[in-house]
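Please read through the structure below; I'll follow up with questions.
By written order: A, B, C and D. Residues from 1 in each chain.
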Amino acid sequence: MEELQFHHSLPIQLRFNDVDKYGHVNNTVYFSFYDLGKSEYLKTIRPELDEEQEGVVIVHIETDFLAQIKASEPIAVETATTAIGTKSFDLVQRAVNTATGEVKCICRSVLVAFDVKLGQSKPLDEAWIEAICRFEGRNLRKKRS
Amino acid sequence: MEELQFHHSLPIQLRFNDVDKYGHVNNTVYFSFYDLGKSEYLKTIRPELDEEQEGVVIVHIETDFLAQIKASEPIAVETATTAIGTKSFDLVQRAVNTATGEVKCICRSVLVAFDVKLGQSKPLDEAWIEAICRFEGRNLRKKRS
Amino acid sequence: MEELQFHHSLPIQLRFNDVDKYGHVNNTVYFSFYDLGKSEYLKTIRPELDEEQEGVVIVHIETDFLAQIKASEPIAVETATTAIGTKSFDLVQRAVNTATGEVKCICRSVLVAFDVKLGQSKPLDEAWIEAICRFEGRNLRKKRS
Amino acid sequence: MEELQFHHSLPIQLRFNDVDKYGHVNNTVYFSFYDLGKSEYLKTIRPELDEEQEGVVIVHIETDFLAQIKASEPIAVETATTAIGTKSFDLVQRAVNTATGEVKCICRSVLVAFDVKLGQSKPLDEAWIEAICRFEGRNLRKKRS
């Protein structure tokens, strides 16, 4: 993870009820932060995309909770693609305290392209692959996948 | 309120994150309870309704928060219609502790029929009016409205 | 409402799941927006307040839903106090589209001061009353209440 | 996974706003289902536990989303412990349609014991280990961990 560059960062507006009775942001709420970061990331790399026609869905998530988030902390979600296969691509996201730089949580997810009308996944077309590589500034195609 | 009969009651499954840092169910969460109670109430009185075609939307809500709800309390939402006009009907809902009978919160709302396809409200048709009166066991039509 | 001035406005970051299956921000979610607006409003007028010791709780809410909010709309919550009694104060809040100025929803609420340690409400002390009047720029004390 | 027995199953009450604009339960909401399943599981195996003193926190989650959940589906969360180390234990959870048996999602998580007062994790004591093994009906202690 050391060398991974994040070119996309989204400040998160915490809500009162994100915090549970222990005074920390509840674990389950992190995933709406990642969801929001992912949505903005995808809009940034493919602003022309028609969400009524095409989208991406998450098929796998792996998350490490490293430190609790307090209600008063300034939090952003950072998002980067790390690899692209023929049917899916891999995202890494981090929730960080933007004042201290502390990484609170890391989330790796696998996404597939989704045909909204048909309601099923589909191969990742070249438009996606090129847009991602352009945004990330490097070739992320997996040798074989 | 004394004499109002509730013929519909829905037990609510509290979620961990419904509870805020003060250890009580957060005020904002009550409205998802009422929403759930309302949905089940409407399904009960009009099971044949096609939700893709027709629904009801809330245009007005008045709520009195009488007592806090703790995470461990057994809670149900009670729902009854109190009056029916030509364009809207009035709902009263209560969040109650089913073990003690304590009323935690009372919510009065005004609902209008909604055409999902057109995306706009429409007059309350006779099917709605009859179904509600039948369920509640009395004539709830307002004299004039 | 015509003449009411709002000196506090908070842009709201919409989350993907705020939007329900009809493509609009769900009614129940508005209350977390108001909650957030209220929290920031109170922090602005009384930044010195220790939330572990003292807070305010909502005892009554009245809300008019005027228009639906779509996922793509820029939304802010505006907050103002309109009257202060000996035990409570009245808040008016609006959810507005900041691009068009359209008012989506109006919420009037009654709040009481709350002793967090004792877990019960208490009279509104002079510190609250003065801070609110100073922020709003006028005397909001009710003649009798 | 074939042979894994789930001795704990919790029916989930879906809420209207669990469903997103695509008409499916939003991915992020699954985690509140798992959270609820976990809480009830832990209360079942250690009913005497004082939540103000001691709890467990999740440090790692891995989730496979296998199929979408529609608003009308009857869903339960199944929970089982699969291994116990000296500092953590491993949970497997599934979201299933209870009518068809279809597994919608599988979640593997790693939990550590947590001292609420000190706000930090602590070794898993023998009370936890015994309670889990008794409930699951087999010795789940890892040889070395």
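We take it that a residue touches a chain if its C-beta (ideal position, glycine included) is under 8 Å from a C-beta of that chain, and two chains touch if they have at least 3 such contacts.
Treat the numbers as computed from the prediction; the structure is a model and nothing was measured.
Using mean Cα coordinates as chain centres, the one most removed from chain C is D. Interface comparison, A-C versus A-D: the higher count of C-beta contacts falls to A-D. Put simply, the C-alpha centre of chain C and that of chain D have 37 angstrom between them. Chain A and chain C have Cα centroids lying 32 Å from one another. Averaged C-alpha coordinates put the centre of chain A at 24 Å from the centre of chain D.
Residues of chain A in contact with two or more other chains: 16-17, 22, 26, 28, 32, 35.
Of all the residues in chain C, the ones that touch chain A in their complex are 12-13, 15-17, 32, 35-36, 39. The part of chain B that touches chain C in the complex is made up of residues 22, 26-28, 31-32, 34-35, 55, 57-65, 116. Listed in rising order, the residues of chain D touching chain C in the complex are 16-17, 19-23, 26, 28-29, 71.
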